[in-house]
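By written order: A, B, C and D. Residues from 1 in each chain.
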């Protein structure tokens, strides 16, 4: 797989400075952000209606238990708002032509029927849409033949508990239009209250006194006359559908209770069926409602509109209802045809589902279009094709979960209380269908005993899923863990084969889970049986002692593996990239991101199973790989909008505040009296202008806001609308465009924190909105302009450590066009790889190192310092200075903009079992060398025993799992077996952690006759006597449950990886390391190669044990992150930083001691000083300062006081 | 809204009470999960100091409380808010307000962005 | 630095009983550093007092000020223009500062808001400990740089007494035996011969037993 | 003869001396002292009278001394530097000597925190070491420390106390040496239970040649019960009671423990008697004076010798 080597030489004419990223999951988003932030234009193509992917569906994430949505949503927002990322959601790539550097892609935007530009995501359409089912639409009439409405033949009267009680609440007024009345008397017959007087040849007259406003007359009056006129119906001007919805809502407020109630004769069902859905299957009769069950199209409107839950769907039809299920919630709850993918979706724009939308299929209804305040709904949308020119493609469509129905013995799909793990995630999620309560889908009961069955669709040859899905062991542990957090009564049990917690801090996580009463049973479950009465589930399995067991659980969660979807495979064919038999993109272990087609790179699970951090890491790496050859075109296609000069307000300028109170469609306005709030705002001191836009955030409103700021010479702006986290940046940029400092702004959240949480108390909500607005105005009044410090960036990178990570990073950074200083402690580059022999696919590492070394030597942008060490480091992101000592003993100061720590790790060599003293006891690395140099006696076939975890997962040695040993042992074992087919190899292991596609080699090894014997330090320890005489090993083989004695010629120890001595470096760089001495990343999930301090990154085994391939990927990832900094001429710092006023500084050191980032220091003017470039803006020092002489941006005492004092009306 | 509860200090919390608050709830990240490493721990200490002060000057007790939440735990936030408001209803309006003749029970909320 | 601890609020309230209009004066010196008398504490105490007063059904007007130092006449004078507009001054500076104010503003009652502690050092943020009693006759050169007068609960010159157990003083578990410290240090410096000598009776006249002390340095005047 | 006290004589004559102690009452009733004196009489060469022991206020030790003197017991006045400055100390020394008290024990005194007036101000104008020196200069040079001449020098057999078990162990002997040099004629030790450690202490003392220069009276205290042993071990600063000792008395049934305590005390005294460098014992039968005769007798130390 060397297809991409050509592009690595970077020989091509004027590439296109743009990249198409396929897939909007965490992988695609990360790639897109890294590219866009490094000056590359991005087209992000996502097939679903919104970006976010699988991660958005997860509840919490291992091993930190971070809330998944909380950590991903900032990324969603950033991608959504990024000027240089063009989003194509609900879209697909149709075609890709051209070659690396200059492709042309055709992207199809499927019809969404909602204008993404205009829609403000208020979600009103979803509320008013009455449809809840997939209708049985009538055949579209053939050409010419006019369609006629079916007449009901089969009728059923739906009776309630008692006789209908007519209501005249929120009554519409019905009158007869004399002009139109044809005197047919249908209305007279329809009226159940004798309110309509009619004689033959007489026009009907409605006695308003008797009329209850049920609208039976309206329904009855034939279409050709339409003589009944309606008045006093709110929203009727919009549409009859809107009016019906409006009345239904007001009636619901008044009548709805938890229980179904008797019909109140509001008549909305019949009116909706007749006038909105144009079906006419419902009619009001004495005892209740008469349903034409044969003509009912089962749209569900009557049911969803009924204010008293009198109707249920199966009563009104003879057909089987087909409820619309929420895909995002894994079908655990319902949805409407018009549907916003999920609450935090980006773009927060609904899609109208062609299959179920009534308007699109029968032409009826169309209510949503009439209710939309910005006219964003267009039923005439058709799919649109766009072609884009790009230099590279990143293929990250992600994966789907295995279809558990294939493993019939577990009863998924048959037994209600058997769920998949992803379904369980939704159950746990606070924003999920049960809003976080763990309940059985079968009966809503709270389950106590829950079983997780591992490897469903993983490590399973029978269903062609031989690979390991890598994530299930951990997510099952997490789900069990969190389930108990939600409900401590839950007793989780996890049935597993090997516990593959191979990642950083994974083992501790599993141990913590055990402490939290999560039970682990090493057993394969053979079958699940349901008790049809209780819905409980009996599991059958064989325990470790070999006994058959039966155990009953309330709920079973299948830890389904991950797989490549058919559509992804199709797409791959279109893109002409090679996939393996399972559909994972084929890559090269030295170029883990490169696919078979030059210019196309893969990232995330599409290249093989992996968890979030690995995916994020690969995503950055792919961004790097995809952009390296485009470096010369960097910045050619991106847009930077120029801002007008800022107006500098004089000290005694009068206060001129503008206030914008947002309706947010009806989100706010339906509860809060925005007129009142606006009027109130006008009375507030300093307010010279106030208005209430329908949508403050809509394009036109923002344009208007800009004008108003100029017109009214506003010097402060306040908006009372939605969440600042999502919308503040938008409003602030509008201020800047109007030449106003962006900190002359404050925002009150009167939606999420007001109208949404107090829907039933409009008056108090309005008062609260006034208060929030008042406080925001006060805060804006106290506001001062803050300047955002800007400083130049030195476009050079310092790499500490010249192993494979450092070398790869050096080459890639140079390709990206940055200068590189590569500092290596040893005399020779290569690091740990110098001691290793061959890659997984059998190529010699020495060759690979040589190519790298040559590239480094050949590139004048890279300066290498061997036998040199870092001794001093200062400065901050963008401009660091680092002193190194060179072999000559002289120190040299290097200036650079970023630092990459790639100090690596080394093989652990404990003095156990005679290692180091006995010739026939060696480590896997030694063994690799022995296999290479042919020093083995080939005459007889030597027998080998490999001991796994010989030093890892052992408090006395390395407490953690070294991740690579299992694969290393399998690799050496296989190679050994090739050389000596008759030789015996036994591997003594605790858990074989051949994650991902490594499982395939594990399988091959077993087939090759390598014997795997599981031991356990506590319950089944290995006894080893190794001496000059020979090696004598005894252990019990659990598979045969008999003790075995082994006397091999060689004992090979998998000793694991230990961190290098980086204590000094770490303290110099002020970056943390964990107990084991590995560096701690800025965020375990989303910033895997960033160090906590700005401008510092890491790659390779300095971060934790990993394979050479993973190391290469991480090195590329780090370079991508570096590029986001070094590609910029200058960096802007937030204006919200702490500043010390030296006049009152007591030099007491309190701030110096309090700052979690060690930023404040005492300067030579004998005052504390805080470098704004380093300040993180938390404000801890401001609060601690005993002299109150530290201030901070817009969160100063002055501001907070202003808010507190304005809390209660003066 | 503050960048971090680490920003709030005793003088500001007391200001709220001077300003007629019957109760103050401070809501920070989960402990050990602070976006700024240790801000919420410091905030807790300050809240405890103010709690002690209020108790001694016969305004407290139980009028100030620190809660910890992770972002997106909206329902939990609501639960906390209700719990706290009920707690304040129990202890009744602040003596300050009784003196000033005010009676409405409300809680000023210092909330942290996460 | 001079350390101190806040007075119990009840005690301060009692002092303030007669007054409704006071100045609350902080100091930017030692008491800011040891966090009992700086600007922030002025604000916290002022709020606390206003609240306490209102809760008790009375209001109090407090002017919040922080002087650079309350132990220097020039800074103290800064208060003169307005001090007479108030019934009393509550100072949260050290006892020296408070007395100095009292001397300067003869007609205004001065009230202490903190209890002045000792001449001490910062062990860590929020922890201070005593090092010197200002006895006026330093012997640190003989005692390994550790003061027997301050660090020994009995100010012994030939310690330790029988109450020293594993380096802990009999007075309380938290206090190290000063003499154990001295001896450890003398051993480390190998100056034990100093220990073996009988020391002359201490002249306490140079400490406050000689009456209030004064330092006059002609060369500095 | 420095003081001509009986204790000095007995020791000078090379007898194995015995001293005991009796604490004055917390009140003004002299009969309490007299009652205790009755138990002590005839069983000792001198009897310590404590000075507001453990900072608990009691009848002054000088008054106590006079009371037992009336009963025909040779008093040994204890004097602590906690409560009196050098002026008061000097005048009390003169007074005591004038009233015929010839034995003096110079102490620092427990910190007042342990007593019934923990808020009292302590004095510690001079320390015990300096008090020894003060008494010596007055006795031998006949001058006040101020240098003025005394109208009649006080006559004292000057003693000091040591706790061989307090920390740091290595300075215990040097410190005794220092007290000797300051002017101490004899020393009474803290009560001993850990004989091993005490032997070590004596070894060091002998290496310094101290037994020749200062009379060492080993302190013993009979244990009333295992409970008392545990209490003292826990509560009394610098009290070192080996498990062996505790176990031994604890092995007895409750009612027999007192007898066992006495038995053990006697054994101990006999062992001390045989120990080189030990000039006598100081028996502190705390609130158990009635057993004194039984103990001293049991140890074969009765009758007490009379030296002219």
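Note that in this section a contact is a pair of C-beta atoms (placed from the backbone, for glycine too) under 8 Å apart; a residue touches a chain by one contact, two chains touch by 3 or more.
Worth saying up front: this structure is predicted, and the values here are computed from it rather than measured.
Chemist: Count the touching C-beta pairs: is A-B or B-C ahead?
Modeler: Result: the pair with more contacts is A-B.
Chemist: I'd like the Å distance between the centres of chain A and chain D, where a centre is the mean of that chain's Cα atoms.
Modeler: 81
Chemist: Between chain B and chain C, what distance separates the C-alpha centroids? Give it in angstrom.
Modeler: That gives a centre separation of 34 Å.
Chemist: Just curious, how far off is chain C from chain A if you go by their C-alpha centres, in Å?
Modeler: The mean C-alpha positions of chain A and chain C differ by 58 Å.
Chemist: Which residues belonging to chain B are in contact with no fewer than two other chains?
Modeler: Answer for chain B, listing residues that touch two or more other chains: 9, 11, 15.
Chemist: Hey, what residues on chain C touch two or more of the other chains?
Modeler: 40, 43
Chemist: Mark out which residues of chain A touch at least two other chains, giving numbers and ranges.
Modeler: 1154, 1188, in rising order.
Chemist: Taking the top-of-page definition of touch, could you list the pairs of chains it picks out?
Modeler: A-B, A-C, B-C, C-D
Chemist: Mind pulling up the chain A residues that touch chain C in the complex?
Modeler: 1144, 1146-1150, 1153-1154, 1185-1189
Chemist: Spell out the part of chain D that touches chain C in their complex, as residue ranges.
Modeler: Residues 82, 86, 108, 110-111, 113-114, 122, 124-130, 133-134, 145, 161-163, 166-168, 171, 174-175, 177-178, 181-182, 190, 237-238 of chain D touch chain C in their complex.
Chemist: Please give the residue numbers of chain B that touch chain A in the complex, ascending.
Modeler: Answer in residue numbers: 1-4, 6-9, 11-12, 15-16, 19-21, 33, 35-39, 42, 46, 70-76, 78, 108, 113-114.
Chemist: Which stretch or stretches of chain C touch chain B in the complex?
Modeler: 8-10, 13, 40, 43-44, 47-48, 50-52, 54-57
Chemist: Enumerate the contact residues on chain A facing chain B in the complex.
Modeler: Contacts found on chain A: 66-67, 69-70, 73, 430-431, 435-436, 724-725, 757, 1136, 1154, 1156-1157, 1176-1180, 1182-1184, 1188, 1192, 1195, 1197, 1200-1201, 1204-1205, 1207-1208.
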